[in-house]
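Listed below are the structures to be examined.
Two complexes are shown next, each including chain A; its partner changes from chain B in the first to chain C in the second.
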Partner chain A sequence: MTQETVKPQEKEALIELLYQLADDDFILSFRGSEWLGLAPHIEEDVAFSSISQDMMGHANLYYNLLEGLGEGDADKIAHLRSVEKFRNAIILEEVNGPGTYLKEPDYDWAFAVVRNYFYAVHKQIRLDSLRHSAYEPLAEAARKIMTEQYYHLMHWEIWFKQLMTSTDEAIKRMNTAIEKVWKDFGGVLTLGPSYADIVKANFIDDEAVMKKRWTNKMEAVFKEVGANYPGEPRMERGNGRNGVHTEDLKHALSTLSEVYATNPSTGW
Partner chain B sequence: MSELKNSMTDTVMDALGKVKDPEIASVSILDLGMVHEVEVNEGKVKISVLPTFSGCPALHIIERDIKKAVEQLEGILSAEVNFVFTPAWTTDRITPEGRTRLKEFGISPPPANHVMGEPWEIDCPYCGSTYVTMENIFGPTACRSILYCKSCKNPFEAMKPVADMG
Partner chain C sequence: MTVGMSFSQLSEDEKMTHFLDRINAGEKIEPDDWMPADYRLQLIRLISMHGISEIMGALPEKEWVPKAPSLHRKLAIMAKVQDEMGHGQLLLRVAEDLMAPLGKTRHDIMEDLFSGKLKFHNVFHMDAPTWGDAGIIAWLVDGAAIISQSMMLDSSYGPYARALKRICAEEVFHAQHGESIILAMAEGSKEQREMLQDALNRWWEALIMFFGPKSAKETGNSNADKNIMYKIRTKTNEDLRQEFFTKYIPRIWSLGLTIPDETIHFDEDSQMWVYKDADWSEFKQIVSGNGPQSQNRLDLRRRSYKNNEWVREALAAKKAI
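Moving on, here comes the complex of A and B:
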């Protein structure tokens, strides 16, 4: 189906899904951009900023699909929505560590690697499903995004496996980060309250099927690096798909929209 | 009439051949295989363009440059640029001319008919040596990687292969 042929009751579910996809990439890309100049070495700075740029492009593709469905101008959707309208998973909005990129950033690289790797694995699974989506413009966007995501996944997988098989210090920090991410990663794996309608319209595979694919992959990777699999990923701080968020998202949105909000009618 | 229309399309194509990628000044958008379709209808032109990388900040500049180049042609009233994703842009759309131009710019062109996941063979654009090392798969722009030639001791860049993943 296309923009013209999607039925009203399906459209609502589709819009819900698109906000999840867009907001996940949008906020994690923003967190990635905060690392600019602070990554462990210059090559990583180049790589991480390039990945963040791609991901902001992916968010933009989804926001444009929302614009096509009558949700308003893509820039406004990204910049001027209130916090409770965001549908990203809570773990993706969490700050990179103590401090800010301007003042005493004491960011946690293990957390960056773990969060981005787990997310990239799931994103790959999601895209594999979305490229067959019943909504053709979404399938097209997914096929485009996949060509870039391929390099992102490879990048984070290398970091993850290397640090997990590195020094005691590295392994200790990685395990602390895994524990932290695991508490809320369940929020990435859910399609939220509209899940049944989203799946019924064949916009994406069942969340249980995709979750199983993710846990299978994770179990294999944990085994490969000799780590204990932590069990069921949780959703301790609530479901971002319901519009539940933390102060971290509020601060992030006010920072990233600061310039835009001064004059939304100007072309930035 | 149709002959006239064809010649108009040719004129538009010639103009597009002069629109360069703002980040790789020697290569045109035609050489990169970014132009999908050109429709000329009573002085109105519709051009569909395939974006290379989705976060590419040069897209707005490319759109502006296309409009500028085409709208100044005699007999053209307006030009409309649409970015489309089907067919997907892949690196085997780059023309032989484009591949030569990339090399001149110090960028090794991606292998033709690349299959994602298979080894990526890269020759030094300066000396042709295959004795090269990958310094960073990510580079100064979304579409480029950074390498070093162990033979002629030059750093260089390579365009990342992008193949349709179905």
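Moving on, here comes the complex of A and C:
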């Protein structure tokens, strides 16, 4: 189906899904951009900033699909929605560590690697499914995104495996980060309250099926690096797909829209 | 060189003559070629300063990456800062090759940066408090960089010339990105035009300083002169500044902006721009790490270097699975 042929009830579910996809990439790309100049070495600064830029591009593709469905101007929906209208998973909005990107950032590289790797694995699974989405413009976007996502996944996988099998200190820090991410990663794995309609319209595979694929992959990777699999990922702070968010998102959005919000009607 | 005699048998003076003949004939010097120690040191000084300036130069614009006022601008400025970091990496690799025979590594470059021994470009010590500054940096600072770097495209040191070729190609896109921001603001609301003018006022003196003082008198060193002799560069600081004026002053005026120098004009007799010179004692202060943002930006790098020590150790441990 296309923009013209999507039925009203399906359209509502499609819009929900697109906000999840867009907001996940948008907010994690922002967190990535905060790392610029602070990564462990210059080569990583180059690679990570390239990944963040790609992800912003992916968010942009999804926001444009939303614009096509009558949700309003892509810039406006990216910058001016209120916090509870955001559909990203809570773990993706979490700050990189103490401090801000401008002042005294004590960012945690283990957290960056774990969050990005777990997300990249799921994003790959999600895109694999979206390639066959009943909504053709979404299937087409997914195919485009996959060409870049392949490298993102490889990048984070190398980091994850390397740090998980290195010094005792690295392993300890990585395990702390895994514990932290695990508490809320369940939020990435859900399609939220519109889940049944989203799946019924064949926009994407069932969340249970995708979650199983993610779990299988994670169990294999944990085994490979000799780590214990932590069991079921949780959603301790609530479900971002329901509009439940933390102060971290509020601050992020006020930064992201700082200039645009001064005059959204002018050209920038 | 006498036929049948190997290069290593030549005296130092003969080697030097041979070297100068090569560069005067337009040949490129490669990392493993013989070069005078002084030439090597000049290159290390210039290229490590250039490389680290690209890296420190990403920081003022980084401040504006998340705040860029549309998805399109966010994407463009993200691409730009990534390019700058890439240039830094490319240049540091060139510098590292030159430093290797002296037993120095990337670690020494970073330590020299933190201690203030290795300086970075004056413009990257300055405040960038508004989106207008992000526009001026991309348009005029990158525009100035294109002018000074294009001059070295034919540098006698092959690896530097080749790196610059790629860098200049990307800088052209940056200047276009900057020009596009500037045009949008110049054609926008009264507030946007004021923001732009304020940013230009803030950056003008730093742009005069960008090319360095007119002669060795102001700084007490003659690196520029040496680099001309070695054909690392081909023009003086003042030649470059005049080129910058000729290219950009008419464009600045055509946007209805005012240059914060009442004396600036083109003198038909001398065919030169006449302008108010920068305060070069201030310049020395800035590049010595006493500019408005010098220590804040250095602290960002110092802090991350320290915070990530465990990562570097983990990578060096190489315990494969």
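Methods note: the second predicted complex is superposed on the first by the 268 of 268 C-alpha atoms of A that agree within 3 Å, B and C clash if a C-alpha of one lies under 4 Å from a C-alpha of the other, contacts with A are read in each partner's own complex, and residues count from 1 in each chain.
Just so it is clear, contacts are C-beta pairs under 8 Å (C-beta built on N, C-alpha and C of every residue); 3 or more make two chains touch, one makes a residue touch a chain.
This is a predicted model, so every value here is computed, not measured.
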Contacts of A:A74 with chain B and chain C, given as first, second, both or neither: second
Chain B versus chain C as contact partner of A:A141, first or second or both or neither: first
Chain B versus chain C as contact partner of A:N263, first or second or both or neither: second
Contacts of A:D106 with chain B and chain C, given as first, second, both or neither: second
Residues of chain A touched, compared between chain B and chain C (which is higher): C
Touched partner set for A:N239, first chain B, second chain C, both or neither: neither
First (chain B), second (chain C), both or neither touched by A:A170: second
Contacts of A:S50 with chain B and chain C, given as first, second, both or neither: both
Partner chain in contact with A:F30 - chain B first, chain C second, else both or neither: second
Which superposed partner A:H155 touches (first chain B, second chain C, both, neither): first
Chain B and chain C footprints on chain A, overlapping residues: 43, 46, 50, 53, 56-57, 60
In the complex with chain A, residue positions of chain C that touch it: 55, 58-59, 62-63, 65-75, 78-79, 81-82, 85-86, 88-89, 92, 131, 181, 184-185, 187-189, 191-192, 296, 299-301, 303-304, 307-308, 310-315, 317-321
Touch list for chain B against partner chain A, complex: 51, 53-57, 85-86, 88, 90, 116, 135-142, 146, 160, 162-166
Of chain A, residues touching chain C in the complex: 30, 33-34, 36-43, 45-46, 49-50, 52-53, 56-57, 59-60, 63, 74-75, 78-79, 101-107, 109, 161-163, 165-167, 169-170, 173, 224-226, 252, 255-256, 258-260, 262-263, 266-268
Chain A - residues contacting chain B, complex: 43, 46-47, 50-51, 53-58, 60-61, 131, 140-141, 143-148, 150-151, 154-155
